[in-house]
Amino acid sequence: MKLTHFNQFGRARIVNVSEKEKTARKAIAKGTIKMHSETLAKIIDGHMKKGDVLSVSQVAGIMGAKKTSELIPMCHNILIDGIDIDFEINKEKNEIDIFASVNTVGKTGVEMEALTAVSVTALTIYDMCKAIDKDMVIKDICLLEKIGGKSGHYLKKDVKINEG
Amino acid sequence: MKLTHFNQFGRARIVNVSEKEKTARKAIAKGTIKMHSETLAKIIDGHMKKGDVLSVSQVAGIMGAKKTSELIPMCHNILIDGIDIDFEINKEKNEIDIFASVNTVGKTGVEMEALTAVSVTALTIYDMCKAIDKDMVIKDICLLEKIGGKSGHYLKKDVKINEG
Amino acid sequence: MKLTHFNQFGRARIVNVSEKEKTARKAIAKGTIKMHSETLAKIIDGHMKKGDVLSVSQVAGIMGAKKTSELIPMCHNILIDGIDIDFEINKEKNEIDIFASVNTVGKTGVEMEALTAVSVTALTIYDMCKAIDKDMVIKDICLLEKIGGKSGHYLKKDVKINEG
Amino acid sequence: MKLTHFNQFGRARIVNVSEKEKTARKAIAKGTIKMHSETLAKIIDGHMKKGDVLSVSQVAGIMGAKKTSELIPMCHNILIDGIDIDFEINKEKNEIDIFASVNTVGKTGVEMEALTAVSVTALTIYDMCKAIDKDMVIKDICLLEKIGGKSGHYLKKDVKINEG
Amino acid sequence: MKLTHFNQFGRARIVNVSEKEKTARKAIAKGTIKMHSETLAKIIDGHMKKGDVLSVSQVAGIMGAKKTSELIPMCHNILIDGIDIDFEINKEKNEIDIFASVNTVGKTGVEMEALTAVSVTALTIYDMCKAIDKDMVIKDICLLEKIGGKSGHYLKKDVKINEG
Amino acid sequence: MKLTHFNQFGRARIVNVSEKEKTARKAIAKGTIKMHSETLAKIIDGHMKKGDVLSVSQVAGIMGAKKTSELIPMCHNILIDGIDIDFEINKEKNEIDIFASVNTVGKTGVEMEALTAVSVTALTIYDMCKAIDKDMVIKDICLLEKIGGKSGHYLKKDVKINEG
């Protein structure tokens, strides 16, 4: 097992995938943002009425996913076939879970696109609420599931999948 | 206390800061990426010899911070005066702590730039190592300290600051 | 009167504004998108319940305004202090009026930023609804008002201003 | 008939097209910019001699079309196979008609790319001439024709097509 | 003398310039593209009549200069006050000299912006002509002059300045 | 032989490649940056220990190659399958040779991507060292080899290829 993003001289490269086959691929990532209960109440209130933090954050997450190869140096630029983001609000823990699901048919996976979607969504929630809460924490960003590609099916252990 | 990123109709806006004074500002953010011990060993090995994951990730984090206003919809575009990123490797926990420090003289803070720098750095570490470890988790991204601006000094409680 | 964006050889340039003073500036632009009545009904319905076309389009318009100097070749890159977008729905004409208001303190005006915000907002409405209506027309994009700068106050004649 | 850019929860998404076939597609869009006769005379004069407003605007429109998926949140990023832009100057009406034609072989259409090309071209004409004319109006941006894809051939009624 | 773009741990950073004064700055860069005589004849012919390679390349160079901080990792993003590009055609050597002049008032110089403008202009000439000439060489990209800033006036030795 | 990037009216366009077949393609480009011997010594020193100029420049070159179609107006956006960059240090000439190799399977070549990778890498070396050496010159950027596509194999004469 080795880090494929380095060439024989130990220098970073984008691995050549010219000879790989295109296959249907999907990745689902998850992350969580924790906040004060008052902050969560504001978000829920805005969602019910107007001033919807989650709606803005979702657009940001989708647009962020399309920027993945601009942000991550050794990431191939790919054609994204679909992006979906969903939220689960946990009032007891004062947390919002963010789920991002990305599809493509291509030579490389879309794990980074899904993880980037979750990260940008969470950062946007932080930005929209930071005037009232600077103690928010973005946590537990991880890959839940990956389908397609040579490395096969990946399913994170001990995680109840709740796809976006 | 209200969410300032919405106008009187409940629609998202970029708050007008035309009449605010420019002041010197600084923000320090932190995040952590947890991985298998073999993965951390590979990173440490590359750092000592060649194929340095952290070096690539740091460049990505710095460039990502400069893209903050492109990623976060209601974020003002600003002139960043300085960005510094540093790492602390914790071999016992199999974790790398990422610290980002951002400076500007401007009308708005640089919290989002510091948080974005941490996030993109962590995502790049994930990307560089995902061929050998898909179980990595990015966690505890938060603001450690904020200096300057009308809202004054912010220092996260219970966090030993270790500036980048 | 001449086109200032050309140099003495007739070649395009970005005019040097190094010696100009920074002043507070504002621009308000307007545009309209006309559609079938069924399309407008869908948009209004989504706005009331969920699936809000205008919310997505507004985020796009704000982010688009921040990209103005990337899109318009001879446009100076500037620091935008504020962006606000608003809509007026005209059920009799089956039209939505889009208003964008942009503020800065700088050496150049923000007319192009306001016009770009309106354009990108309208294009996004088109995109969100094109599955049910390809006959939509984007029309009458113009500058309503401009405040600040050497050329002084501009107010479009015969237009009832209704600021966003 | 429904708005496909929303998921079952009413949240915006990029529709998954992984299972769609790639087909050859083409879209032609049109728009018009109206101005004072003196402004049009300046543009024609520059085109004949030097300082060509339309040449700069055309480059901007082509580059803008390549940015479509960055500007329009729910737009798939695609590989554009060709972009052509053309102008028709109407001296009687003091107007310039802008035509953009975009080709691809892909899973989604290129209507938004053609409409974006027209919009950015028109905005650039505005920018290049705004020092002498702030009364310009960008109008009647619409899709003229669309070829390829499941929804089939679209031809705007009552419009004499004059392809770029 | 040391490389300022590294921190005390030897890691790359963007140097903090928060405490530096803003001053008027200017940089002039030059580069040359050499080609077959037939290629140069095509360019001259197009410039006289239509199909102007240099006009497109100039727009590209100006837009490229505005992307400098996106391309060069440790470069501060700045407000560019003016960009001008000019060409000198040398028929005896079958070369085109490219001159780029950039102005700002800021805390950092604009050398990289001028050098990037020259580079992107040259690359675009290459792209526009590569169908007929793949032997072109881009050469001698250098800083001619730099005005303003703490390091003072820089004038390249043995170079006859011919400002764009 | 004619310049294909212009339409029948002499206006710039992106050539329509919808009917071309996708083939495996590769391009190798080279460029050189010359500097003072003290500057080269600093780079070599940093590479051995820490503060590695070439490592940062290589990341920049790879990311720059992915931006080619944003920089070069008439360049098709493509899916890059692989990018590799390598350096040869020539202590006698005080020069660093930069080699970039780019792969794709597509309808158009990757010459511009390889040339852009070299250019951005060289510009970044300049930026990282300009505090100690403003006399650096970037020179002899050229295409070494091109494989695949209708125009066939291209090999630059009189150049000893040393692929990155």
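Every chain is named by a letter (A, B, C, D, E and F) in the order it is written, and numbering of its residues begins at 1.
As a working rule, a residue touches a chain if its C-beta (ideal position, glycine included) is under 8 Å from a C-beta of that chain, and two chains touch if they have at least 3 such contacts.
Every value quoted in this text rests on a predicted model; they were computed, and no experiment measured them.
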Path length in the contact graph (subunit C to subunit E, fewest steps): 1
Set of chains adjacent to subunit E and to subunit F: B, D
Equivalent of C-E within the choices B-E, E-F or A-B, defined by over half of its residue contact pairs recurring: B-E
Farthest chain (mean CA position) relative to subunit F: C
Chain copies touching (subunit D, subunit E) - same or different residues, decided at half shared: same
Averaged-CA centre spacing for the pair subunit D and subunit C, given as whole angstrom: 16
Distance from the mean Cα position of subunit D to that of subunit A, given in whole angstrom: 32
Where subunit B touches two or more other chains at once, by residue number: 9, 11-12, 52, 55-56, 59-60, 63, 67, 70, 73-74, 79
Complete list of chain pairs which touch one another: A-B, A-C, A-D, A-F, B-C, B-E, B-F, C-D, C-E, D-E, D-F, E-F
Complex contact set, residues of subunit A against subunit C: 52, 55-56, 59-60, 63
Complex contacts: residues of subunit D adjacent to subunit F: 24, 54-55, 58-59, 62-63, 66-67, 79-86, 103-105
Residue ranges of subunit A in contact with subunit F within the complex: 7, 9, 11-19, 69-70, 73-74, 76-79, 106-107
Residue ranges of subunit A touching subunit B (in the complex, touch as defined): 1-6, 9-12, 31, 38, 42, 46, 49-53, 56, 59-60, 63-64, 67, 70-75, 111-112, 115-116, 119-120, 122-124, 126-132, 134-143, 146, 154, 156
